[in-house]
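Each of the next two complexes has chain A plus one other chain: chain B in the first, chain C in the second.
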Partner chain A sequence: MSPKSLYNFAFFDEGSKRELRRAILKAVAIPGYQVPFASREMPIARGWGTGGLQLTLSLVGKDDVLKVIDQGADESVNAVSIKRLVKGTTGIRTTEDARDATIIQSRHRIPEFSLARGQILVLQVPMPEPLRFVEPSEYATKRLHAEKEYSGAYLALFEEIMKYGRVSTGADHPVLVNDRYVMAPSPIPRFDNPKMNRSKALILLGAGREKKIYAVPPFTKVASLDFEDHPFEVEAIAGRKCRKCGAEGVFMDEIVDEASGASDYQCNDTSFCGASRVI
Partner chain B sequence: MSDGFDSKALKVDALTKWFGPRCPRCLGGEEELEKNYCPDCGTVYALRDLSLTLYEGEVLGVVGESGSGKSTILNCLYYDMEPSSGSAYLSSFEGGSVDIFSVSAQAKRGIRNTLLGKVYQNPLQGLKMRFSAISNVAEKLIAAGERNVAAMEARAVGLLGHVNIPSFRMREAPEFFSGGMQQRVQIAKALSNNPPILLLDEVTTGLDLSVQAKVLDLVKQIQRELGISMLLVSHDLGVVRMLADRTVVMLDGKVVEEGLTDQILEDPQEPYTQELVHSML
Partner chain C sequence: MGYVAVKGGAEAIEASIERLKYERLRKGLTLGVDAVEAGMRALVDQVMSEASLYDEAMAALSIKQAEGSPEEAVFLMRAFRSTLPRSYYSLAIDSRAMRVERRISASFKDIPGGQILGASCDYTHRLIDSGLLEETDEEAALWVAAYLANAAAESSPPASAAPMPGAIAGAIDYIRAIGLLKARPIDDAEPRDVTKRSIEFPASRSERLQILARGQTGAVTALGYAALRGYGATLHPTVGELRVGRVAVYVPNPYSSEEGGDAGDAYYVGEIRITAVETLVPVSVRRGMGKTEIEFEIGFGASFGQNETKAIAMSLLDQCLESGDKRSAVQDEEFVLLHVDSVEATGFISHLKLPHYVTFQSKLDSVRKARGEK
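Our next item is the complex of A and B:
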């Protein structure tokens, strides 16, 4: 008997899973609203994906297939550790193929393959409050959400345009969910924001350190915040081609050759890149 | 309103604000209080049944010693503080028929963002110190629903130019500005939505004399050009003499005397007003 099987199925006790599922149900019922929950101590440190991990553990069943992504990669230490923990306490199958998985836990990316009905995307969130930059008090931001007073989020974008001539959010560009709540989409690149709009898969977001869960139910409208004369734009990727598989129109990592100073591009989503090569 | 709201911009009715638990002694009546303070339970009555009227296009000065409740009036009107009781009516909101303290939080935000402008004594309260001056002015426009960057930028640059902020400093944050400049940014911000009423709380206190004169000039000019009604709180009688058409004198949360500014300053009737005027250097 391996020591891991001493744990309950999916690590948590059943009471903890129930509490998490209740929070998830509430989050799905109020798209974009941050539901507080009793974030548990986890065997990994807060800030390393505990929010996402708790969501995954509360949802996983014996027939599920799990994929874990860390900034586009399946093999990074963090992704592998999370996969091993879930596998070791549940015995379920893991995969690298986004089309094959029922639950995809991800840090900072949405897979390039479009997600299908029935799949669940779990995103790890460091900072769930989109208004925190302009309003440090949680008491105040809760009121602002209640009153749908989002000038602070627009003000932050306006300030960037004043300073740099354009919106300069590198990631975590705020979105308006279902015409009601402004939400932090987690630090995904702007390139991934449109994938949230009317997504066929359920998107759950978990912030373990900040103790918040929120959700975008399938087929929900998600609009990135912008101005009339500064419409939302994704990162410029035109003309970039993956040096390994030749893919275009996907989010790329820039690889700089230090000797020559020339840069090359490569698919950021490693499993997508691999699949393209096989086909 | 039956008494006609034609020329009244703002009507405050029996506004009361207390801080503390209250007790049978202070509920028993005013004669039980020491100044505005209940010696038994420690409750402070900052405003007691205060009523005043601000007419269209006029500057109403509010003077009195510190602690007399001047700023509390503005805090209540700008929703920085909740009044304990009383009501207020704006001619620009529902024709003056609805008490602005009785409406929903969203409606209050609307009133604050579109019908009122306030200049705080301390710029820290009125400005986001780390955001550029332009963004500070644009904040009220964004809050009022404007979503066009070019239009907001043009409006902010125009207003900041109007209050003499040099154009090469408009993109800097007010934390790097002098006190007088910060105060002028606040004025530009308060004016951004062309509010019919401006609330000014000790605008020149703490500024040196030449800057004071510039800020006062600016307020006077704005008032002449735009015909905005202003509620001007100050303990500086010189400021009130220069700007205010009418003046109310406050003491311990109540109005003790009210009238034309010249009249109040030249021929004060009440003992407290006489003392105040005679204390003027």
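Our next item is the complex of A and C:
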């Protein structure tokens, strides 16, 4: 038995793909609602993007062009590994250019280039439940969502203001989708939250280990949770300039020079960084 | 510099995979898959049980590829399982109809059908046998031939060599007959397949049993142990019956006139070896007027292959989760069911090795802002 003969196009059997696509359709129909699905075990580890990978594999066709990003980088080990797996089981073309891709699977970043109509952004999600740290029980959080009972989520932000004088969330700052569901945007930096609002591209979010799929359909309102007197703030980027391409106003990696100990910055989105250097 | 860690991923991965292959082959010996299947029965059984895929040859191949790591082998099997179309559900298997190879009861000395020790490490001394260093295939073949000849000469042949006619009644039946078991209605509801529909809470018993049956051996054992030590069970449970043996698997005839298929014209697709355990757990029941009585409840455990510790631990957890009492963590179904799966637990823990540059940068930003730095 040769390894090739063991696996179908895009890994899954067609029945599994259809099942996943049904869950996706439901997620698109109810923006921000977490649709439970029968998450399959994948050839990559749980917690390494199996939710995103299942979405990608269920959607991918022979003409698709795939881009995979891990924390902003196309060449990061896990992005390479996922790309290799999809390519290996489908033979489709891959790209680093966000404008060229039909499906972009990403871990924790939304590309700096604004996405276009017809593109699909697949985000990998470790913890899909935005209320999990307020309420550990799944049974209870499902009810809180059903009743649109989000005082706990706001209270958590309020407590941070009381303790630290400001909201101190890092990545994964919760958002309200379509004025209905509070949603975990996945651990994208706060800088990327506004990119979700009225996005032209379809955004799908997949949590493999937690077995949930949810979606932000194109042109849907997405608002980061905040208070009138403590408006939502993105990470500080003012005055930061990419040391490689000179770009400003994008999310930067902080690079510490080993010799001098001084901080320097460069574009976190590596394919954007390259592109802006060429232009 | 940070950039080095990010770029050049493709080549680095290739090199790492090469290195892994080198580690597997560096001593210049290859491990035969048939040797794994023949000599590592316990590991094959553990992997099939945690993978919830009964295929000894694939398990042996996975074990070879994983260099004997159960977590990796289970992972390979589960990922392979994901790609298999699920065409049929078998008919329910009654473990009473088992071709028994081993069957013991800790509750009764004399059980109908008798105690059958079968193959077990339970009665060995755990002394390393240096004689195995020099064991040869020829000697092994001779020994096996002599063993079988000897067994054939005696009245009771070894269970593996000849089918045991008829089923043995469960030891539990006696306790049920004398009225010490709480009467429960028979529940023949179609089980919900946790691999086809994600679990929602409160879970049904069929969902709980499935998740425990495919749970990681160590995790199920640890939680069962916690229950036994007092985080859950309050009184000492007893193994009513533990049996290991082979059961037949039938799939219903799709053209059968009867709803759900009729056992009479179902197709026999093969047999599997399983471990099944019924544990008697004493519970105190309030009878009113300040009176308390002790009654028994049954915990059920089962697994592919011979995995006795896991199956017993599972039976303890089954009872803990059935009790409805939530005073301890092992009685909380979300706590137990969401944390015993090997692929999920090892995957999420190992994801901590992935880069977290963006998320960490974002957190750093809020820490700095909160401290009033620029």
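Everything below uses one rule, namely that the second predicted complex is superposed on the first by the 273 of 279 C-alpha atoms of A that agree within 3 Å, B and C clash if a C-alpha of one lies under 4 Å from a C-alpha of the other, contacts with A are read in each partner's own complex, and residues count from 1 in each chain.
We adopt the following convention: a contact is a pair of C-beta atoms (placed from the backbone, for glycine too) under 8 Å apart; a residue touches a chain by one contact, two chains touch by 3 or more.
Quick caveat, the model's predicted, so the values are computed rather than measured.
S.K.: Specify the outcome, clash or fit, for chain B and chain C once both structures are aligned onto chain A.
M.R.: Superposition result for chain B and chain C: fit.
S.K.: A:K62 in the overlay: touching chain B, chain C, both, or neither? Say first, second, both or neither.
M.R.: Neither chain B nor chain C is touched by A:K62.
S.K.: Tell me which of chain B and chain C touches more residues of chain A.
M.R.: Answer, by number of touched residues of chain A: C.
S.K.: Considering only touches as defined above, state whether A:M162 meets chain B (first), chain C (second), both or neither.
M.R.: first
S.K.: After the superposition on chain A, what is the angle at the C-alpha centre of chain A formed with the C-alpha centres of chain B and chain C, rounded to the nearest 10 degrees?
M.R.: Result: 70 degrees at the vertex chain A.
S.K.: Taking the superposed arrangement, what is the smallest distance in Å from a C-alpha atom of chain B to one of chain C?
M.R.: The answer is 7 Å, the least C-alpha separation in the overlay.
S.K.: Where on chain A do the contacts with chain B and the contacts with chain C coincide?
M.R.: Common to the two interfaces on chain A: nothing.
S.K.: What does chain A use to touch chain C in their complex?
M.R.: It comes out as residues 6-8, 11-13, 15-16, 19, 36-43, 45-48, 50, 70-73, 75-81, 84, 107-109, 126, 136-139, 142, 164-172, 187-191, 209, 211-212, 233, 235-236, 251, 253-258, 266, 268, 270.
S.K.: Which part of chain A faces chain B closely enough to touch in the complex?
M.R.: Touch residues, chain A against chain B: 134, 143, 146-149, 151, 154-155, 158-159, 161-163, 227-230.
S.K.: Per the contact definition, I'd like the list of chain B residues that touch chain A in the complex.
M.R.: Residue positions touching the partner: 105-106, 109, 128, 131-132, 134-135, 138-139, 142-143, 147-150, 152-153, 171.
S.K.: Can you name the residues of chain C that touch chain A in the complex?
M.R.: Interface residues on the chain C side: 1-3, 6-10, 12-13, 75, 78-86, 194-202, 334, 338, 343-344, 346-351, 354-359, 361-370, 374.
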